[in-house]
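To keep things simple, chains are lettered A, B and C as they appear, and every chain counts its residues starting from 1.
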Amino acid sequence: MDIKSEELKEIEKINVPLAYVKGEPYLNIPKDLYLPPDALEVVLDSFEGPLDLLLYLIKSQNFDILELPVAKITDQYIQYIDLMQELKLELAAEYMLMAATLAEIKSKLLLPLVEEDSLEEDDPRAELIRRLQEYERYKKASLNLEVLPRIERDFYLPNKVSYKAIKKDEVYQNVDLEKLVVIFHKLMEQTKFLTPHDVKKDFLSVREKMTLILNLLKQDKFVDFKTLLDIEEGKSGLIVSFLAILELIKLTLIDCAQANQDSAIFIKLK
Amino acid sequence: MENTKIKKIIESLIFSSTSPISLKELANFFSEENIPIKIIEQIINEIQEKYSETGVILNKVSTGYRFQVSEDCNQWVSKFYPEKPQKYSRALMETLALIIYKQPITRTEIEAVRGVSVSSNIIKTLLEREWIKILGYKDVPGRPAIFGTTKEFLNSHNLVSLSQLPKLDDIIELTEQEKKQLGLLDIEENIKKNVNSDMNNDEEYNNDNIH
Amino acid sequence: MENTKIKKIIESLIFSSTSPISLKELANFFSEENIPIKIIEQIINEIQEKYSETGVILNKVSTGYRFQVSEDCNQWVSKFYPEKPQKYSRALMETLALIIYKQPITRTEIEAVRGVSVSSNIIKTLLEREWIKILGYKDVPGRPAIFGTTKEFLNSHNLVSLSQLPKLDDIIELTEQEKKQLGLLDIEENIKKNVNSDMNNDEEYNNDNIH
């Protein structure tokens, strides 16, 4: 932790070496701007864009951002860019754009101003200063982030402790009823089982009744035909029950017996 | 180094490791500190003792030591992690659909419609689940079982009666033109699409495995 | 259920989980057993106390409780694992800083502040790390993604809320009006909003521009 904040301080001091070439630290870009080509690439890599480079140039010479000495900074910046181009280093377009911006500000400053206040709204430097300040804020914030404790660098979590999965009392998941209908429909279509006569309005209720009757019959050996008919169900209910019984007889699932014409009809499982 | 410190470090190492840590690895690790393996072994025993009454225990497996959930907590951890919802195979869905809509029905009849044999597993699953039951046996050679749905099936699907099931009639009894008028063709298309896509990413048609 | 039993179960749950477990999740889990949340909270405190002197400690992060290697053991764990943690580039850290302090933010907005283009790799790495997420898409041509930080970012930095982060340095003394002109008030507003919404345990940042 202490080491980290030390590091931060160093970065903030800006005197952190820009590069190491053959073990030699380069603290500043030399005045004559000579750097071994290999190192320059490293130096360029260490800048996060033109704002970062500008910020470096300002800080390294103890200038105040608000007093942005455009003439000096522009010269240095452009020299820097020139050198990089000379060395045929691939230069991000943003660096060129900044050079143009600086040149523009410089030329504007050369024109006589009506009022000489330092940071008027029409100060051509104002926008650049604002951008530099804003960038600096976030740059600092990013350095602060760097020293936050970070998982798997500064702290660790225990690995997931394994457990033996124990099967629960199975709670069966329901089937999707809509899907069930469609599946049935498809099956019927596939097998050409489906004829108009097969599907009647009471199709299901008769089928259901057949099952209910079979259930009843399972429990008692003989059942009175009348007990299978429930007046409460109304006329259509009675018809359904009757159809179900007929269907069951047809399927030879049940037997129907009557001692004589007037006696009760008994039904039993076959 | 003090034993309490070594104990803390060993705990943290074993906890943070993805694989069991052996005594030898620990001994190597502590070699710079000149800690004899005897001491490490003793400390491990102490850790085992210390965790014996907690939710995790230090267990020795073939490649070393690792923590695992204690025996009596396994069921709770299992309960905490919901199992993946079961997906029913197409074969099971078809069999169930036939039993529902054409009950009472025998296995042979199901097979006649589906064109493939019905695996015993499916019937077994449906019976175990108490969604279907044997209503009786058909009076033909072999006396095949006759299947029908149960109250349990209705209950578990929040139905009072089978008549509450989505109606098949609506889909099939109308002429194409009528369907068009009612906008049912679109619905059907959607349903078909769904079914098709299901068939594609689902199990194959003939796969009778439920899980 | 006895408290010692509950304690064992909670230990085993938190130890076996890959992500932190919240008090609410535990309360839900134990609702069948009619264990009041007060008791669970008390037990968690006891667990924290119990583990305070071991190699792992129970810590509270934004999404709940998790064990982590105790402060003084981290260096030993780090030593035990030869592989070094990933180092992130300055570009990535600056991008992250902007997303943290200026969220919701688009890539173009990040680039405007940094003065250079943001590589797709940086965004990809941050998304994969689950430190940032796409909150929505801005309703302007191209529909650029709007980025914000995640709970995972907080968890990865041992934070409960963004408000614990170091404050953006007030480098310049500006009047309220100047701040307004420079759009700096928005930054503060955004952070405040975000911190609040984080505290409310919300999911997404609400913004009219986000769909």
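The definition used in the following text is that contacts are C-beta pairs under 8 Å (C-beta built on N, C-alpha and C of every residue); 3 or more make two chains touch, one makes a residue touch a chain.
These numbers come from a predicted model, not from an experiment.
Student: Any idea which two chains share the most contacting C-beta pairs?
Tutor: After tallying contacts for each pair, the winner is A-B.
Student: What is the chain whose Cα centre is as far as it gets from that of chain B?
Tutor: C
Student: Could you please state the distance in Å, as a whole number, between where the Cα atoms of chain A are centred and where those of chain C are centred?
Tutor: Roughly 15 Å, centre to centre.
Student: So how far apart, in whole Å, are chain A and chain B when each is placed at the average of its C-alpha atoms?
Tutor: Whole-Å distance between the two chain centres: 27.
Student: Return the distance between the CA-based centres of chain B and chain C, expressed in whole Å.
Tutor: Here chain B and chain C have centroids separated by 34 Å.
Student: Enumerate the residues of chain A that touch no fewer than two other chains.
Tutor: 156-158, 161-163 - these are the residues of chain A that touch more than one other chain.
Student: Do you know which chain B residues sit against two or more other chains?
Tutor: 12, 15-17, 56, 67, 69, 73, 77, 79
Student: Which part of chain A faces chain B closely enough to touch in the complex?
Tutor: 156-159, 161-168, 172-175, 177-188, 190-191, 193-194, 196, 199, 201, 203-205, 207-208, 210-211, 214-215, 217-218, 248, 251-253, 269-270
Student: Which residues of chain B touch chain C once you look at their complex with the stated criterion?
Tutor: 4, 7-13, 15-17, 29, 53-56, 67, 69-70, 72-73, 76-77, 79-80
Student: Taking the complex as given, what residues does chain C use to touch chain A?
Tutor: 12, 15-18, 56, 66-69, 71, 74, 77-78, 85, 90-91, 93-94, 96-98, 100-102, 113-117, 155-159, 165-166, 168-169, 171-172, 182
Student: Considering the complex alone, what residue numbers of chain A touch chain C?
Tutor: Listed in rising order, the residues of chain A that touch chain C are 46, 48-52, 66, 92, 94, 98, 130-131, 133-146, 148-158, 160-163.
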